[in-house]
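Same chain, two partners: chain A is paired with chain B first, then with chain C.
What follows is the complex of A and B.
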């Protein structure tokens, strides 16, 4: 670990304790996804899984990838990329739903 | 501060010797050349496979190979051309070589990541080749790996998919590198609207590479999981949905068409002003149309699936979006033509390829609009018409743009000039052979000749014969082009710093460029295509 890296770690915007807590939270959400897979939710299966996955992604992006602490321009590009992803999902499931 | 080196990149000192000084180099120019060499090899293999395919179709029934070999031939031809040549093609070779120079930078943002991209590309390519010789034999699914056949065939689907997966990673890393470089490393004064249009096209392409490629990677991984563990994801016999596979596959693979063509359009935008001696017409429209093509092009994928049983609403929406994407494409064509209008046109080799590009891409685009219309699509779905259409776009468009680019930047990249007469003969044969090879496909396809069929009815033979003769002319043209460029490398005349009279930054550095591109970082004070001195004379 070089000096600048050490310096960066020393000024990490989130403490280790909180990071471990979040990590445990992510594991919990993964467990939730597995748990829901065993329940017959019908057409809500996809929505539930996507909601859990989105929550996990938001946590990882904001905390572990420091997006919360970055310039607005980075947040804008990530938001634009996510918007495209949402359109992909919407258009795909518009037809996927039709297949029943 | 030490004065930057002025030794050209071909003779730069390295701590490694021989080939190692190339395959371990992080210099963006050397990496560009590495891609050029590797891709030229894969391209030659794929051309040979295509040549065999056409030869097989010369007569109905067996001409040279059995049906199984035929299936493997068209799969490999498609896979190699798409994943190992035309998707990485222009960005990896000319993007790597030219992007930093065009924006006045010394290198890309992440040089080591850049080298890793090439190593991943090479690894994926080698795996694809090795898969041919593994038990089970070469993959025979077509390059689309459609379900359910790809989970049932005993050929080497998993290695081939893994190869595509690795190549996808290479593409993503290149995209990240280019976008970061464009944002962070532009020379002083190089504002967004002073950037050359090739850079704009690489920027738009980079976003598609980053956003769409992971979807293909994950989809292929899911098919591998389905094959290995029998998990029902796409296979209907296991409760999966094969149409979902097609959606996910085309979410990447249609935008991939724009990964192929957008840098080609960028090359055209570079070449036309130089050889028309005109400031480009509608700079901002061309720049924004690249972004618009990248955006709308990412939303039209299901027009590949109109006959799979989609909902009417889905068909309507995807047909509409397909028509929308033609608008920014047409904007580019009109602006290119307007740039040439009343220009002092010098019909040099790069411009000849560009003119062929415009005509062929327009034919490819118009037939694409026919395919985007639901009624016609259902009539010609999975026929030779589609094969003709995408070859006009991919080869007649992106392929010709790549050949235009090599003829345009060759003197800069290697400091040598090729034989122009031989280059024109190569262009003439290639352009003529191209029409003979692919145009009959529109006719036979419209009359009902299915694509990927080993055998056919006698009434289609004449079209197949014409097309096969065309393939011989194309191969001859390609051989002449290749011979000319290799001869130029060995004993070509020394090229000047600016043989074409270009005004973008690459023409301000020596040929070949120094290791760090610029002795002093340039300050940009005008737009990329300022030909006002010629226009005033006119």
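What follows is the complex of A and C.
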């Protein structure tokens, strides 16, 4: 009976090669962020390290978490959740920015 | 959307109702609550770092960037192995899938081991919540260490919960509950594990790379 089950997830399995390639990319980005932290960039360190961390997170979301291969509705929900977080940060820093 | 609609239909005959897309959406909704939990903590971190930039930098000198880097590599690798376990079970390679999830759990244990020694090292140096040494520090450093213990602590708790979830995945793979044709439980567990990884991706530079 189980065999008659149709696979209800449409996308094909993600190949091992692709997963390993992404892992190597993530390790490379980790090396980059550690390297950047070693040199004097002042306030740029925060910007670069957050940019690199965000890039890593997007890669994990897209490939490891299959967001790229899933139905569009998943991406929509993730975007909505992230938008809420951005609003939290934006509103908070509007306040702190003006208070100096 | 076609397959979503299809999955929601309750078919007759020998087709047992299954809603894999619904299960995954439910998992994502749960992950959003986690995102807001950690997002709130990151917001507190951002505000206090904005108010005490020098003290945050000074306090961060106490952390060992090498330990943080090793733990980052461990978690990234564990994310790889759990992602590979899904590919393995979908190809019908049950034992490979079980082995990959077990490797994931071992990497998680190594992460926690590192964390244990790191915290123990801090305690030996008299740095722990409300320690006399800590309370003599300037406010910004107290806040930094407070956030460090709370955020890495809650993250470590998530690693432990993730290990339990992955342990159940091994059991389900073993007993044939998760199969080549029904693997949504493994996918849900993996999603949780990847979220734990993503949280660490942000914790690492914000606490360990402030030099």
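Definition applied: the second predicted complex is superposed on the first by the 73 of 100 C-alpha atoms of A that agree within 3 Å, B and C clash if a C-alpha of one lies under 4 Å from a C-alpha of the other, contacts with A are read in each partner's own complex, and residues count from 1 in each chain.
Just so it is clear, a residue touches a chain if its C-beta (ideal position, glycine included) is under 8 Å from a C-beta of that chain, and two chains touch if they have at least 3 such contacts.
These figures come from a predicted structure and were not determined experimentally.
Chemist: Examine A:96 and indicate which partner it touches, taking first as chain B and second as chain C; both and neither are also allowed.
Modeler: In the superposed model, A:96 contacts both chain B and chain C.
Chemist: Counting residues of chain A in contact, which comes out ahead: chain B or chain C?
Modeler: More residues of chain A are touched by C.
Chemist: With both complexes overlaid on chain A, does A:85 touch chain B (first), chain C (second), both or neither?
Modeler: The answer is both, since A:85 touches chain B and chain C.
Chemist: State whether A:16 touches chain B only (first), chain C only (second), both chains, or neither.
Modeler: The second partner, chain C, only.
Chemist: In the overlaid three-chain picture, which partner chain does A:74 touch, first (chain B) or second (chain C), both, or neither?
Modeler: A:74 contacts chain C only, not chain B.
Chemist: Look at A:52 in the shared chain and tell me whether it touches chain B only, chain C only, both, or neither; answer first, second, both or neither.
Modeler: Second partner only, chain C.
Chemist: Which holds for A:62: it touches chain B only (first), chain C only (second), both, or neither?
Modeler: After superposition on chain A, A:62 lies in contact with neither partner.
Chemist: A:33 in the overlay: touching chain B, chain C, both, or neither? Say first, second, both or neither.
Modeler: Touch status of A:33: second partner only.
Chemist: Between chain B and chain C, which residues of chain A are contacted by each of them?
Modeler: 81, 84-85, 88, 92, 96
Chemist: If you look only at chain C, which of its residues touch chain A in the complex?
Modeler: Those residues of chain C that touch chain A are 1, 3-4, 6-7, 14-16, 18-21, 24-25, 28-29, 32, 35-36, 39-40, 43, 46-47, 50-51, 65, 69, 72-73, 76-77, 79-80, 83-84, 86-87, 90-91, 179, 181-182, 184, 187, 190-191, 194, 197-198, 201-202, 204-206, 209-211.
Chemist: List the residues on chain A that touch chain C in their complex, please.
Modeler: 1-10, 13-16, 19-20, 22-23, 26-27, 30, 33-34, 37-38, 45, 49-50, 52-53, 56-57, 60-61, 63-66, 70-74, 77-78, 81-82, 84-85, 88-89, 92-93, 96
Chemist: Which of the residues in chain B come into contact with chain A in the complex?
Modeler: Spelled out, the residues of chain B in touch with chain A are 207, 210-211, 215, 241, 243-244, 247-248, 251, 295, 298-299, 302, 309-311, 313-314, 317-318.
Chemist: Name, in rising order, each residue of chain A that touches chain B in their complex.
Modeler: 81, 84-85, 87-88, 91-92, 94-96, 98-99
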